[in-house]
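Below you'll find a set of structures to go through.
Presented sequentially are two complexes of chain A, the first with chain B as partner and the second with chain C.
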Partner chain A sequence: MSAALRFALQALFWGGWAGAYFALPEYLPLLAQIAIIALFVLSLDLLVGYAGFVTLGHAAFFGLGAYAAGILAQQGWGEPISGLLFGAAVAALVGLLTAPLVLRGGDLTGLMVTLGIAMMLFEAANRMAWLTGGADGLQGVEMWEIFGVWRFDLFGRTAFVYSLTVLFLLYLLARLIVSSPFGLALRGIKGNRRRMEALGTPVRARLVAVYTLSAAYAGIAGALLAQTTQFVSLDVLDFHRSADALLMLVLGGMGSLYGAMLGAIVFMVAHHALSELTPQFWQFWIGIALIALAIAGRGGMLGLAGRLLARWGGR
Partner chain B sequence: MSTAVLETDGLTRHFGGFTAVDKVSLSLSAGARHALIGPNGAGKTTFVNLLTGALSASAGTVRLLGQDVTALPQHKRIKRGLARTFQINQLFAELTPLEAVSLAIAEREGLSARWWKPLSAHAAIAAEARALLDGLRMPAADAASATAGLPYGRQRLLEIALALALKPRVLLLDEPAAGVPPSESREILDSIAALPREVAVLLIEHDMDLVFRFAERITVLAQGAILAEGEPAAIAADPRVKEAYLGEAAHG
Partner chain C sequence: MLTVLVDGVASGMLLFVLACGLSVTLGLMNFVNLAHGAFGMAGGYLCVVLLNQHGVPFIPAVAAAALFAAALGFVLERTLYRQLYGRDHLDQVLFSIGLVFVMSAVVDWLMGARQQLITLPAWLQGRWDFGFMTVGVYRAFLIAVCGAIVLALHLGLVRTRFGARLRAAVDDAVVARGLGIPVTRIFGVTFALGSGLAGLGGALGVEVLGLDPTFPLKFMVYFLIVVAVGGANTIVGPFLAALLLGVVDVAGKYYVPQVGAFVIYTAMVVLLLVKPHGLLARGAAR
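== the complex of A and B ==
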C-alpha cells in the first residue's frame, strides 16, 4: 500500500469520527462509548497483538480505572484529567504487581492467572459495597468542567469530543511506541522468544513493561467510561468485557492499531444494530463473521482489506 | 590457560536419572577455532545450552572472559560477549532480515527499552544492519522480504547474521550448515571462514569435511563426556573416535 493511500485512509478514519459528531447528534453517547471501547481494545492489542501475550482478564484493568476515577470524583475531586491519570496509575500499579504472577509458567498458566485475577476483583468489588456501591453501582459521580471550560452535557457532546481526543492522543503515543526499538523487541518476543533470549533481551522485563503499559491504557479507558457516564457498575469488571475485547481485536486485526480500533467500531455498531433487529440473535451473526474472517485468513478485517487492496492495485 | 575466553570445569547436567552432559571441562582460548563433534545424542546441544544459560547446570562452572557466569541468566551472559546460532532455525518469521538484524543491533546497543523514538530515527542501526547483510552476500531484495518466505539457505545465513550482529567475543555455531543443499551452502561456509580472528569460535558439527577444514582443535563428545581432545590429525587417527562413530553407524 502506498504511503499516500495509507495517509488518505487514516485521514478518512479520523475524519469519519468528526463527521459523525455532526451527522449523528442523537447517537453521541453511543459514539463516545465506541471510542472508549476502541481505546480498551487498543490497550489489549499492545499486549496480545504486539507482544503475543494472551489474556482473558483485561477487564480487571478497565474496571480498576473506572472505579478509581469514579470513586475519586464521588469523594469530591471531579477534575477529569487528573482523574484519568489516577485511573491509569491505579491500573498500572496493579498490573506491575500482578505481572510476576501472570508471567510465571507457560502461556496457559498465564491465561488462567489473568482470568483468576479478574474474577477476584469482580467479587471484591461486589462485596465492598461501602466503597463501590456493589451490585447497585457507584452513585454520585460528579465531574467538573474539563479545563474548567467544557461541562459534561446531557447530549453527550463533551463526552464524545473528550473520549475521542483521548483516544487520538493515546493512539499517537501507541504508534510511537510500536515503531520504537522497544516495540520491535515486543514483536520479536511474539515471533520467537527463544531467539530474543539468545540476543540478550531481558524478555521478562520487557513483558512486565508492556503488561503495565497495557494496564495503564485500559485503566484510562475505564476512567473515561466512569467520567462520561458518571456511573460505574460491576459490569466494568465482568468476564464478558475481557472476552468481547479479544473478539473485537481478532475481528479487526491483531498487531495493528487500526485493526484494534476498527474491530471495536464494527463490533459495537453491529451489536447495536443487530440487537435492535433481533435482540437474542445478534451473537449468531458475530459468530458467522468470526468464522468467515478466520477462513479468509489472518489479520482480521484489516488484513483482508489489505489483501483485497493489494490484488486490486496489482491489476 | 590464562588467555581462555570461555572455560568450563566439570560441567554437568542431569535430566532425571539421565546424565546428558557429564563433567565436561573445555577451554577456548582467544581467537580459537575449536570444533565439538560427536555422534547423535552425545549432548552437544545440551552443552551449548549450558554455556549460554538457556539451561542451568546441575554441577560445574562456566567462566566467560575470566569471570564465573554459572549463576547468570542467559541475557546477562550474552551481554558479556557470548552469542550462538541454532541448529534448528530460531528466526522471526514475520520480520524481514533487515528488521531482525536491526533488532539484534538495538539489543546490543542497549536500546531495546527505548520507546520514545522510532527505530527509523536510529539511522546508524539501519546502516549497520544493511552493511552486515551485504557483507554476508544476502541479496537486498531478500533482506527486505519477510523471513518466512526466504529459501532455507538464506534463513541459515540470517541465523549467523543475528549472532554476528551482537559482535560477540565468543561465538557458538550449532551445526550452521545443517540441512542446507550444496547449491546454497557456499555463502555459509564462506561466512564462517571469514569470521574475524578476534572472535573465538566453537563449532558444533556433524559434517567432518567442514570440521577438518575449519578447526584447529577438536573435542569429541560421546554419551555426554569428553572422549578425546586434540589436533585434527590426532583426532582423525584416534581409534576410539572411529569406534564411537562406527558404533553409531552400526546401530543406526
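== the complex of A and C ==
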C-alpha cells in the first residue's frame, strides 16, 4: 500500500468520525460509547496483539478506571481531566502490582490468574455496596465543565467530542509507542521470546511495562465511560466485557491499531442494529463469529482487506 | 458443623465428576477448553426435560443425560475441536467461548432463562438423623455415586490397557504414536468420556448447583480451579482439589455469606501462585 493511499485511508477514518458528529446527531451517545470501546480494544491490542500475552480479565482495568473516576466525581471532585488521570493511575497501579503474579508461571497459569483477578474484583465491587453501590450501580456522579468551559449536555455532544479527542490523542501516543524500540521489542517477544532473551532484551521488564501501560489505557476508557454516562454499573467488570473485547480485536485484526478500532466500530454498530431482535439471537451469532474466526485463522477484517489489496495491486 | 462438611464433600465430589473431563483436555492435551461446562449444561437440561416433560424415572434420565453429553462431545471433537489441537491458546479461548455463547443462547431460546427445578424421587428425599448430625439422603446418594465413579476412574487409568495407553499418549504423544498407539482415537474417546461425565455431573447437580443458561460461565472458574490446583497427571490430585473446593465453598457460603464467591477466587489465585503446576505436581513443568 502506498504512503499516499495509507494517509488517505487514515484521514477518511478520522474524517468519518467528524462527519458522524454532523450527520447523526441523534446517535451521539452511541457514537461516544463506540469511541470509548474502541479505546478499550486498543488497550487490549497493545497487550494481546503486540506483546502476544493473552488475558481473559482485561475488564478488570476498565472497571477499575470506571469506579475510580466515578467515585472521585461522586465524592465531590468532578473535574474531568484529573478524573481521567486518576482512573488511569489506579488501573496502572493495580496492573503494576498484579503483573508479577500474572507473569509468574506459564501461559496457561497467566490466563487463569487474569480471569481470577477479574472475578475477584467483580465480587469485591458487588459486595462493597457502601463504596460502589453494588448491584444498583454507582449513582450521583456529577461532572464539572471540561476546562471550565464545556458542560456535559443532554444530547451527548460534549461527551462525544471529549471521548473522540481522548481516543485520538491516545491513538497518537500508542502509535508512537508501538513504533519505538520498546514496541519493536514487544513484537519480538511475541514472535520468539527465547530469542529475545538471548538478544539481551529484558523480557520480563518489557512485559510488566506493557501490562501496566495497557491497564492504564483500559482505565482511561473506563473512566471516560463513567464520566460521559455519569453512572457506573457492575457490568463494567463483567466477564462478557473481556470476551467481547477479544472478539472485537480478532474481528478487526490483531497487532494493528486501526484493526482494533475498526473491530470495535463494526461490533458496536452490529450490536446496536441487532439489539431490537432478541438478545439470545445476538449472543448466538457472536458465538458463531468467534468459532468461525478461531478456526479460519486471524488477521480479521484488516488482514482480509490487505490480502484483497495485494491481489488487486498485483494485477 | 459435620453437616456442612458432608454437604461440602458432596458438592466437591460433584465438582470432580463435572471437571475431571477437563483435566484431560486442559491438563493432558493442553487444550484450553472453556466450554467444558456447556456439556454439563447439556446433560442437565436433557435430564430436566426427560423428568419433567416425559415422566422418565430419575435414574434412566440421568443415564440418558450422560450418554447425550458424551455423544455431543464426541461429535464436536470430531468436527470442530480437533481442528484446533496444537493451535495457540488465543484461538482455543476464542473458539470455546464462542461455543459457550452458542450453546447458552440455544438453551435460553429453547428453555428460557429461569432456573430449572426438578422433583427428586421419594426415596432420595428427606434426611437421616444420626443424633449428632443430619445428612440429606440425596447428599449421601451423591457421595456414593461419585465415590464409585472416582474409584472406577482411578482403577481404569491405573489397571486397564486403555488407561496405560492414555497415560503413555499424555506423557509423550510423539513416542506413543511411534509405538503404534492410536493417540488421536484415544484422545477422541477420552474427550467423549469426559463430556459424558460432565453431563452426568450436570444432571446430578441440578438439585445442588442449580441450572440455568449461565451455568457454563458460572462454573467455568470452579472447573479451572479443580484442574489447575489438582494438576493433570493423576485422578487423585483433581479429586482432592475438588473436595477442598467443595468444602471451602459450602463453608464459606454458610459461615461468611457476605463475602460470597470472593473466597473461592482468592483461593484460586493464591494457589496458582504458590503451586503453579498443581498440588501434587511432580515438578516437571511443561
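Going forward, the second predicted complex is superposed on the first by the 297 of 315 C-alpha atoms of A that agree within 3 Å, B and C clash if a C-alpha of one lies under 4 Å from a C-alpha of the other, contacts with A are read in each partner's own complex, and residues count from 1 in each chain.
In this section, a residue touches a chain if its C-beta (ideal position, glycine included) is under 8 Å from a C-beta of that chain, and two chains touch if they have at least 3 such contacts.
Just so it is clear, the model here is predicted, and its values are computed rather than measured.
Engineer: Looking at the overlay, what does A:203 touch: chain B (first), chain C (second), both, or neither?
Structural biologist: first
Engineer: Is A:48 touching anything from chain B or chain C once the two structures are fitted on A? First, second, both or neither.
Structural biologist: The second partner, chain C, only.
Engineer: Return first, second, both or neither, reflecting whether A:6 touches chain B, chain C, both chains, or no partner chain.
Structural biologist: A:6: touches no partner chain.
Engineer: Examine A:195 and indicate which partner it touches, taking first as chain B and second as chain C; both and neither are also allowed.
Structural biologist: So A:195 only meets chain B here.
Engineer: Does chain C touch more residues of chain A than chain B does, or is it the other way round?
Structural biologist: C
Engineer: Is A:177 in contact with chain B, with chain C, with both, or with neither (first, second, both, neither)?
Structural biologist: After superposition on chain A, A:177 lies in contact with chain B alone.
Engineer: Of the partners chain B and chain C, which touch A:187 in the superposed model: first, second, both, neither?
Structural biologist: Touch partner of A:187: chain B, not chain C.
Engineer: Can you give me the overlap between the chain B contact set and the chain C contact set on chain A?
Structural biologist: none
Engineer: Can you tell me which positions in chain C touch chain A when the two form their complex?
Structural biologist: 26, 30, 32, 80, 83-84, 87, 89-95, 97-106, 108-109, 217, 221, 224, 228, 258-262, 265-266, 268-269, 272-273, 276-277, 285-286
Engineer: Looking at the complex, which residues from chain A come into contact with chain B?
Structural biologist: Residues in contact with chain B: 176-177, 179-185, 187-188, 191-192, 194-195, 197-203, 205-206, 209.
Engineer: Which residues of chain A touch chain C in their complex?
Structural biologist: So the residues of chain A touching chain C come out as 48, 54, 56, 101, 104-109, 111-113, 115-117, 119-120, 123-124, 126-127, 239, 243, 246-247, 250, 278, 280-281, 283-284, 286-291, 293-295, 297-298.
Engineer: Which bits of chain B are touching chain A when the two form their complex?
Structural biologist: For chain B paired with chain A, touching residues are 52, 54, 74-76, 78-79, 83-84, 86, 90-95, 99-100, 102-104, 106-108, 111-120, 122, 125, 162, 166.
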